[in-house]
Amino acid sequence: MLGSLAGVLFDGLAYGMLLFLLSVGLSVTLGMMNFVNLAHCSFAMVGGYVSVSLMNRFGWPFLATLPMAFLAAASVSVLLERGLYRRLYRASDLDQCLLTIGIVFVSIAAYAWLYGTEQQAVEGFPPYLRGSLQFMGINLAAYRLFLVLCGFLVTAILVASLEYTRFGAKVRAAVDNQRMARGLGIDVDRTFMLTFALGGGLAGLGGSLAIEMVGLDPGFALAYLVYVLIVVSVGGLGSIGGSFAAAIVLGISDMAGKYYVPWLGAFLIYLVMVGLLMWRPQGLFGKR
Amino acid sequence: MLSTRNLNKSFGSLVVAQDISISVPRGARYALIGPNGAGKTTLINLVTGMLRPDGGKIILGEEDVTALRPDARVKRGLARTFQINALFPQLSALESVVLAVLERKGESKAWWRSLPRYGEAVDEAFSILESLRLGPHCQRLTRELAYGQQRLLEIALALATRPRALLLDEPAAGVPKDESAELFTAISNLSRELTVLFIEHDMDVVFRFASRIIVMVGGRILVEGAPEEIARDERVREVYLGKRRHAFA
Amino acid sequence: MIRTLVVAAALALAFSAHAQKTVKIGVILPYSGQFADGAKQLDDAIKLYVKQHGDTVAGKKLEFVRKDTGGIAPAVAKRLAQELVVRDKVDILAGFLLTPNAMAAGDVSAEAKKFMVVMNAATSIITTKSPYMARTSLTTPQLNESLGTWAVKKAGIKSIYTMVSDYGPGHDAEQAFTAAFKVAGGTVFGSVRFPTANPDFAAFVQRAKDQNPEALYVWVPGGAQPAALGKALAERGIDARKTKVLGQLELADESARKAMGDVAIGIITAAHYDPNHDSKLNHEYVKAYNELAGRNPNFFATGGYDGMHLIYAALKKTKGKTDGASLIAAAKGMKWESPRGPVSIDPETRDIIQTVYIQRVEKVGGELKNVEIDKIPNVKDPVKEKMQK
Amino acid sequence: MASANGYLREKIRWRALELVFWPATLLPFVVTPDYLSLASQIAITALFALSLDLILGYAGIVSLGHAAYFGTGAYTAGLLAKHYWSEPLAGLLVAGVAAGLVGYATSHIIVRFRHLALIMLTLGIGLLLAEAANSASWLTGGADGLQGIRMSPLLDFKFDLYGKTAYAYSLAVLFLCFLLARRVIHSPFGLALRGIRENAARMPAIGAPSRAHLRKAYTIAAVMAGIAGALLTHTTSTVSLETLSFERSADVLVILILGGAGRLYGGIVGAIIYMVARDQFSGMNPQYWYFWIGLLLITVVMLLPNGILGGLGALYKKSQ
């Protein structure tokens, strides 16, 4: 029985990493910049389709497409930020909802038109990422191991860059108090643009990493929006670590629930969310 | 009328209220003064139930209200104003005060009859506004009122709950000198029945309107006494009034 | 004043004459939303049929009016059907990828006495909703009961573990399969249900593996889930060549095989159509469909293609009369050679009778294909068959 | 200066625009008789958006799970019609009460939270109810929807293909609920709700039991949403899990924001514009109409902040 417990925990961790990678960008835009960006998964879709096209049409290796997915999604988010989001920084969060849901609808139709509605199959996926390895009797899927690695790597880079660098300080200052930050000479406008690019880029990276696990079609922008919102709200606004912890808790409890109490399967992730939010409304590590 | 016995409150190691016992008789006009961070607003938050004390009792009239929720204390006649305006921007001045009056009369549960049918409450609200010379502005949105008028509206809202004790948290904060005198004359001719405790930094106003003064420092009561005693008291002078000679003494 | 009256009358006459000359077909499909890909497959097949056979039948020009339900939305489907009948004056209702929408539109077909052709939705009781309705796709029990009987009788499987999606179609498939499996002498020693919305299959497959079953019966909706399930099977070390994996055709359709890779080898599915089916008619159909849509047709497409054939044939038989009663009468008992093989419309239930193929995924010439290993001809819908007895 | 009471009475008076709007809703019977079933579903969506406006526009509760009450009403009406009593009006009341009970029960959780936690809790409750309905397929018919609903005529008017009865029925119920909502908004209770939305922290300081007010508002909104759900069941004799889905909650929120929350007519205007646009766009281009709806939403939010009515209101004030 131990073998399967460890197996379930590992799968839960991997599933949690996937949820984290998909939602970390949102914990930057919604969490730190307080912008209700429901179009987050559309940026993830941009990354996903970029890496699919690079692999299928130009034969790029999978790992090489990841940075490209990040850059593509980041540049798209800068475009949208300059054009649309910037005008609504001080708007009500309902108007922000309307704008971003509008963007989701446009992105779904655009990708259905460009890439068709079928599931994007990935040819030339590196074989070493597909099989599974035996480790102390537990069956570890290679790709899930890779996801866990990516999750820790992204968290480390993000926490380091936001907590310990000048840029990170500037971002947190600008988000906390725009007026004061301008007073200190921080170019708030540019900082917001770069922060948004970071959030969008992370979404793109999450999107391309998710293809192997959950596939990719134009409906992706709406399908995963609920899960991403759950992770960011349970994790707590403005905290990368919060989203990381929440993703793991949700991933493991979802996986364990499906294994040990399958009839409760679909309810579990929502019950865990409601429970955690009632216990800590501001989120696990939320500040406000 | 309003008294506290050994009130204590601390946030972790930070002690914000230590063993505070005050007693304000009916109809009195007490001033609460002290340097910034002395715990004046915290005391008001403790008395009105916004903050839960770690220990001690709060008595209103003969009743121990320590465990009551803030809105229940208001129903028993304990009202307050806020240092920073906490009003209803999109409601007009009249609507705000009508709301407070209806809440007091328990009529705000009525969801069937339309507002103008409650003429009695509307007239009462209007007379409160007029007593604070806000009558002509009663139809304007709170958001569009001048800052001084908004401070008066804070008091009107408190009065609408027909309090027995009224706590004013720096009523004249941010109001230009000439207007604050007008504000305080409005406060002073409040009914003799009403017990008032107000926080104020402007010593001229304090010494003109307060019948007794309580001085707080670092979450504790330094001294309590008539205005003349406080003006002469060395400790107060050192800690708070500084070296300036006071006009009064 | 008189002159304008005359002109108006002439116009009206012309218009009604024009109406005689055309047959309007209302197509209701989930063009947008989660099932948009299935709708596109089916719609391309309709276009292909019209391109091949011209758009005039029995001297009347065909006119199509397409309406999008946006996914599972019976209230919208019913309204669209009503609008097609009332406003667009259509003569025939067609399409219907999803069961709830087909059921809702069935009421309109019955009330307005309009001939209705269901081209995919697979729940058995749909055709009972209107006497003017025929189906050219499949019924879930048709495939799964055949598979259940075959598993015991031909494959000699004694016991099986079932894993299905926890919603309507999944329950129907599981119930049909296990009923036949037990009647044939097999035993079902365990089962589990996946949540419908984007599940992660690892935990469920792990649970199944722990029982180390002789065989697994699986049912998941088309789209991303077959591929994800295939990968989970591989990750958990369940090899379809050793532990027999049985299911309905979505489990091993082209996109699922492409995404799974060699993991798919050995998966056995029951199907009523596969592009790999060896018949001259099918090869031409697959080639023509590829030219039009750029990919192989799947069972959504073939349901649509045969639906159009039924409409064309019925119109020819009634020489262009479009009222529901005569069209359904013409449709009953209709027999023809479809790309999937011989098919016919059951006169009593107006449902499709067809051959059910049992196929296994094998690597043929470097490519993964479904190879037919057995077939059960002339299978009727068992649920309605029992109802009649 | 008009008397204080006169000023309040002035604020409640029926505006000219309103007196033109409601008779205009009867035009479809004559002008567009072929669009009556669409008109009836617009009226139902408008009623649903109006119920959301009560809690969002007036009490400041942003809900992403309001379909929970719509679906409860729809299923209650469906089950009632299928098993016991298929007379519409009785069904409407029972559905409203059922949804109101669910609303009252969940309100005890909802009123204790604010901001993102509140939004996610409403989402969670909605999704849990949808999952429950799916797994209780023995009762609800699961994904295939509730079958076997036979509606008996409404005051001997049959629910037919042409949707005349359906539209008359939906419009009448919408108008009655609108009058109720109007009364609630202009009552002392409505004033208290606006107080909570404007400054929730101040309410206890004037002796207001905010939570009790919010629970009552949430329950009234749930009743109205349940009635809207029942209307859909009665007019289409179909009920499916879609009535409880996240998509329906998101759609009604978009519709309300599009129209302009906090203005009673926001939901109605939003419903008309959104559903007519969707019907026309999807008629023109069944596969990619999402693109044009998305563009419409972006344009409105860019040009008319606070929704169509909000934006027009501001422009009108500026032009004064």
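For reference, chains read A, B, C and D in written order, and residue numbers begin at 1 within each chain.
Simple rule for what comes next: a contact is a pair of C-beta atoms (placed from the backbone, for glycine too) under 8 Å apart; a residue touches a chain by one contact, two chains touch by 3 or more.
Owing to the predicted nature of the structure, the values given are computational and were not obtained by experimental measurement.
Following the contact convention of this document, D is the list of chains adjacent to both subunit B and subunit C.
Number of steps on the shortest path from subunit B to subunit D, with steps defined by chain touch: 1.
Think of the whole protein's Cα atoms as having one middle point; the chain whose own Cα middle lies nearest to it is D. Taking the mean Cα position of each chain as its centre, C sits at the greatest distance from subunit B. Inter-chain centre distance (subunit C to subunit D, centres taken as mean C-alpha positions): 36 Å.
Subunit A and subunit B, compared by their mean Cα positions, are separated by 49 Å. Measuring from the averaged C-alpha position of subunit A to that of subunit D gives a distance of 33 Å.
Counting partners per residue, subunit D has 131, 134-135, 247, 287-290 as the residues that reach two or more other chains.
Residues of subunit C in contact with at least two other chains: 32, 36, 40, 166, 195-196. For subunit A, residues that reach two or more other chains under the stated contact definition are 108-109, 112, 117, 263, 266. Chain pairs that touch one another, listed by label: A-C, A-D, B-D, C-D. Residues 48, 69-71, 74-75, 79-80, 82, 86-92, 94-96, 98-100, 102-104, 107-116, 118-119, 122-123, 125-126, 135-136, 138-139, 157-158, 160-161 of subunit B touch subunit D in their complex.
Within the complex formed with subunit C, the residues of subunit A that make contact are 4, 7-8, 11, 14-15, 108-109, 112, 116-119, 121-123, 130-132, 139, 141, 144, 212-219, 223-224, 254-256, 258-259, 262-263, 265-266. The residues of subunit C lying in touch with subunit D in their complex are 29, 31-32, 36, 40, 66-68, 70-76, 78-79, 82-83, 85-87, 99-100, 103-104, 107-108, 111-112, 123, 125, 166-169, 171, 195-196. Residue ranges of subunit C in contact with subunit A, taken from their complex: 32-34, 36-37, 40, 166, 192-200, 202-204, 206-207, 210, 223-224, 227-228, 231, 234-237, 255, 258-259, 261, 295. The residues of subunit D lying in touch with subunit B in their complex are 1, 4-5, 7-9, 12, 183-184, 186-192, 194-195, 198-199, 201-210, 212-213, 216, 220.
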